[in-house]
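Could you have a look at this structure, given as structure tokens, before my questions?
Chains here go by letter, A, B, C, D and E, matching the order in which they are written, and residues are numbered from 1 within each.
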């Protein structure tokens, strides 16, 4: 109890600290700093209608690389932490009954979910959404698949393959940007003029390609994580 | 004065000291016996003892160090004599100053130990436990005695601004009131008290313990060795008395004065010994650390301001 | 040039590709990972060498084809290149070391390791603050995963706590970053610096949150329980990488980000650094677990680096140099130690004794520990030196005190540990296996430390003057350590002779230095001769002995204060190793080391103060100290007094000298102690004789000397151990010397110097002889000896001459000193001190008599009836020294006159007048040779008379004594030896109360209790650690930003 | 401008509800309810993002923050409950 | 009324969620609850980030198709700040990764000691 009072006190002081920041906040009425530039020039420079995507994939593409890496790391760590070897995936059958409804629904839904996910990341430069969201949606599909049939033999080779290839491609495109354009992860690998027609699917240079790989990779990684959690359920 | 004359005077002086030492020892024992209501030894007894010892035919030895121990002892006694100016004649190069030009009070202080150390080593080799016990006691007591003595010596040296015994004696000439006894009473008092320990009579004679089993180095030696030891003892007694006489009681301008003064000094210690019972070593050490040490410190401190 | 972006591309490409390549097996993937790291290392090295050796200018790497602040950019500058090189190199070595552990966890773990390194690289290079956040997350998640390389609950707990803590930290970082963006409109570091974020209203809190998060990454005390668990809980190889690579990266990040915080933060960074350095090193002393202890040390070192960073405005151009020295030492040494801890596989410190089963590990471990503490020739030595010099110069004494105190604490536990390794019981311990891939990285960092040390020295003008030849000789002997004793001994002696020959012309004419060099080198050679008595290889003896002599000669030759300190520390290191060679000397070696280090730090501070206001580092700056000279001289003298074992600082000596090997005792007693004396002499010369304004200091020193003399001699009386007796006697003798020097008069110095030479001669004789006797009889206890004169007469004669000389009885040379002393005392007017000195001299008779009696005289023990005379190899140096003593006794003017002339440079008043062989002072006179002749003649006369009258003396048996009517049957019953001075003890026990020991015990206990109490903070509960972090943040907030 | 006032009103409601839910998430004894509450907080947050003209973030938060995270929470919870049994 | 706008309110919600998250993290003994606390903490931070990018009365930073057909367009006067949105995307994904890792830990810790009390995992201390 004494401890909790102490912690309450600590939280109060922290609140005081936050209040000091809060009191200096004013809701902005116009853009400032770099965002001013992004809003004014971003579309022209990058060719993406979605400025967030322009920033995520190009301007701050390096962050995104790190971000993808973090998911990758988490998946790798969980893999060796939960001591799941790929071979284990096949062993031990779960005899849990799954409802008929779920199975049927999943059979219908999963292809749609996958397609939707692909749509989301392919159109990341035009509409809200992108690689992460699309990847997450695909992973949701995978989750549904696992839930519907816990004994499904998810082709881990495919997952790994997708993950690896998309990851390597991401890096390679980044390097291509360095070779063909202005720097690592530059989207103008097809040249300044190769940005395509603004607002169409094949525009914004490498952004759709990169975001697709990001989407695939994120999807594969999250699926991987989910799959491992799922398999770990079978462990004694 | 050429070296041969010096040598002659020195040898003569040594003979006087040695014999006076024997006589004085006998006298003291006589006085002691009389005071205790006994007849006492004849005055010639020391000489008899000496000749008897030296003429003993069979002597033993425990080894080389045992053998040369008495040599150390006697050399210590003679050396002390050699480095001490005996009779003040108005010149540092006078007939009875011996080889005192080679050193000063500090030399006397440290050479004092030479004989003691040699004898301790010699007796040690004999392997008799009493020898070692006596020596440990002697050394402990010696240390306790030396502290007030050193302070007093320093005080005198400060007073006259010299370590030279000759100069100290010279400075005390010209009447009894010039004696350190009166000019530097703290130092004198410290010396008079500490001297009891230096001379090793009761109550500070546990080192030798004469009334029980005699312990100490002397038990180990017999024959010629004992003769040497007795000679050395006699010499040392006189020389210590002479040292105190030179430092505190104005020195001596003639052999007669020396004899009288040294007798009185020696008698003082014997007298105290008659009155007081014997101290254990720790008692005597602590005793010297009280009044004599205090006096010694006082004697020095008065010169610091 | 390969652009640094390929560091990222390589790591990620390889990492992502392994997902499909893992079917080629784990060895393949492991090899791929190592190849990737090698390539990354190559990239960093390429840049580093371009900066270091070419004239490369810093290069920005822009991503996405846009200029910052729009896009993220990386910077590859000189420091970035260096730091990434460090990270990648540590990663490479760590990767080799952990090859099997990573392999066992599969290709995933290998990938995680690779990516962690990549994350650290980007952290260093990026100039974008959000990017920094992302890659900090990358590396901390990777670390949280790699903790699991070590199996078991402990590492899992540690990993979880680590995630909790880093999550809190990154939360704050993120809030800070977003507010920083809000206020400045940019995420670029340079942009934020330009925008002067901390000056903007509200920006200060944003800066605060960013800074505190980055500081927390460095695990500041006390919010660092999670960091300690990380070091303790993870795989040893991985702890090494965390300590070397991750901490280095975090540190660099701090140095990068603090630019946006501005100078008002610097003070607080230093403060947090200082608290961390002192706090974690203090807690380290309670550690019994190796890894955790090393963790405390790592955190402490990072605190020190933080402290330095905060001072970068004040240190100016020196900052990189200092940081480099400390960082590289910590980097290599800590990695090496962690790696060794993984090989040895002992959790507790005591189990490290097993390391002796592979002796070269001791060399490695010693290298690392000495590098951490800052001993020469390692980089940290030069860095610490420069740091202290600069801090003192700018008046930051309090910081210096904190640094030195923290270093001291670090030395306490590191050397305790080292002691266990060197001396601990290892019979029952199981030997450990060495795998080649684990030992190679350790060797590489160890050798790297020496190379780096050399280069660090060359960087500065003053460091470049250091003479490394003696050290190279040490290295040679180390390489030849497998040879038998007589070969190495010959090489050592030849080396020292040759060196003396070459050094002599430099010193000619400088009597002061010549005397000490003579004692060090000639004494050293004589002591080494005794080494021929040893059989076998005597592994490790020669390098350390020569190390000590190298240090000693370094002190003498020193032209600059740095060289002096360098020599001083070498000597300390060498003598430490010499001392701990003794069978039971481990605790004493430790206390020796600690007092030495404490002293060295006092010295360092003193030299630092001396440097203030003077442009040079030349040795003579101590003659003219301008800034708080009282403190300077006080510190210098205090430092030197630790080596002379002045009372209060002496408790290490009896054990250290007493338990040392037979020929080591004279080295450390007769020779080594003089180094302290030499120092005191230099300091006193600095204080100057003319118009001496430091009378109080000298007065205090005088009393200290006199009391030391008294205590040393008194304690010597009550010893039962022969070598301890001599050791206490050395304390007393050094007290005389200090007392004499403190008088600051011609006679006082003459007396002091005559003791310097005398003590060297007779203490070497005594220690050599007693040491040789001990070798023969196999015990130190005097009451177990006795009567040995029969078996070893030559040894007896040597000891007899030694004790007569030591006691100061005429005619031998000790009397010289006594006579000079009394004259000096009278002249100076220090009567009471003089009396105490004199009393000490009288006390000396007692222990000396006891020494010779209980060993050589009295009853010969049954088990010693067949012992032989001491070894000829001991007798040669002993009698050479005795010849020296005799010459000194017969012709004191030969020595004292040149001494007098030398001292007259400093103290022209009150010189002795020499009339032939007679010395005449104001107070008296003394003629050494005449006294000798007189006494000799008398002695011979008496002896001849005795021989004439006792020609038939017959030898009797040992038991031929009467003993209360009994005849003793066993020698033990009649050997008066044990507790011989009982009477004196009963009278003087008051003076033998170990006040000093009690005092130091109290100090130690207080430190231990504080550490023990404080470390309860680290309850092991991850939640409590989070609370600590939050507390730390809030308290820092209240302090820095205020209410 | 009416739009704005409406948004503010919604935001206030969302705020109050999410803070209450977050307390529920922390203090409810049942772990499953706690997890769901946290997921709902996340979901409300994504509504808030929409209000603040951040559709990308809203999508991400909804799918990852409240969807997949909750899913993993339940995996773990399930696993723990099963090994209890 | 000046302070009652979307920016201020969501900022306040963000801060309050952070505080509640901290409260949970620091008071709850159950590891799962602590992770829930972190999740709330993260949500709070994300809201914070987005609200700092909010510009009063502006639209999402997407150039909608109608406008896009006419080519590149300076929208700086009409959109909210896109940068914090980009950042928060990253933050959400990172938060997910960390949460997944924490949960994996929670699972294994539970397996090791059959408890989720955080104060039971203090094998390493002092």
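Just so we're on the same page, a contact is a pair of C-beta atoms (placed from the backbone, for glycine too) under 8 Å apart; a residue touches a chain by one contact, two chains touch by 3 or more.
Here the structure is a predicted model, which is why all the values come from computation and not from measurement.
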Output for shared partners of chain A and chain D reads E
Moving step by step through touching chains, the smallest count that connects chain B to chain E is 2
Ranking chains by how close their C-alpha centroid sits to the total C-alpha centroid puts first chain C
The larger set of C-beta contacts, choosing between C-E and A-C, lies at A-C
Averaging C-alpha coordinates per chain, one finds the centres of chain B and chain C separated by a number of Å equal to 53
Per the C-alpha means, the centres of chain A and chain E lie apart by a whole-Å value of 16
Whole-Å distance, C-alpha centre of chain C to that of chain D, is 59
Chain-centre distance (mean CA atoms) for chain A and chain B, in whole Å, is 107
Residues in chain C with touches to at least two other chains are numbered 130, 134, 137, 141, 144-145, 179, 181-182, 187, 1027, 1030
Chain A touches at least 2 other chains through residues 7, 10, 14, 25, 34-36, 38, 50, 52, 59-60, 63, 66-67, 70, 73-74, 77, 81, 128, 130, 132, 222, 225, 229, 232
The positions of chain E in contact with two or more other chains are 5-7, 12, 18, 22-23, 26-27, 42, 52-54, 56-57, 60-62, 79, 83, 85, 87, 89-90, 92-94, 96-98, 100-101, 103-108
Every chain pair meeting the touch definition is listed as A-C, A-D, A-E, B-C, C-E, D-E
Interface with chain E, chain D side, in the complex: residues 4, 7-8, 11-12, 14-15, 18-19, 22-23, 25-26, 31, 34-35, 38, 41-42, 45, 48-49, 51-57, 60-61, 64-65, 68-69, 72-73, 75-77, 79-80, 83
The chain C residues in contact with chain E across the complex are 130, 134, 137, 141, 144-145, 153-154, 156-161, 163-164, 167-168, 171, 174-175, 177-179, 181-182, 187, 225, 228-229, 232-233, 286-287, 292, 1015-1016, 1018-1023, 1026-1027, 1030
In the complex, the residues of chain C that touch chain A are 3, 5, 8-9, 12-13, 15-21, 61-66, 69-72, 105-106, 108-109, 111-112, 115, 118-119, 122, 126, 128, 130-131, 134-135, 137-138, 141-142, 144-145, 148, 179, 181-182, 184-187, 201-202, 205-206, 1027, 1030-1031, 1033-1034, 1037-1038, 1041
Chain E residues touching chain A in their complex are 5-8, 11-12, 15, 18-19, 22-23, 26-27, 52-57, 60-65, 68-69, 71-77, 79, 81-83, 85-87, 89-90, 92-94, 96-98, 100-101, 103-105, 107-108
Within the complex, chain C is touched by chain B residues 54, 57-65, 67-68, 70-72, 74-75, 78-79, 82-83, 99, 101-107, 110-111, 113-114, 117, 120-121, 124-130, 132-133, 135-137, 139-140, 142-144, 146-147, 150-151, 154-155, 157-158, 161-164, 213, 220, 223-225, 228, 280-283, 285-286, 289, 296-297, 300-301, 303-304
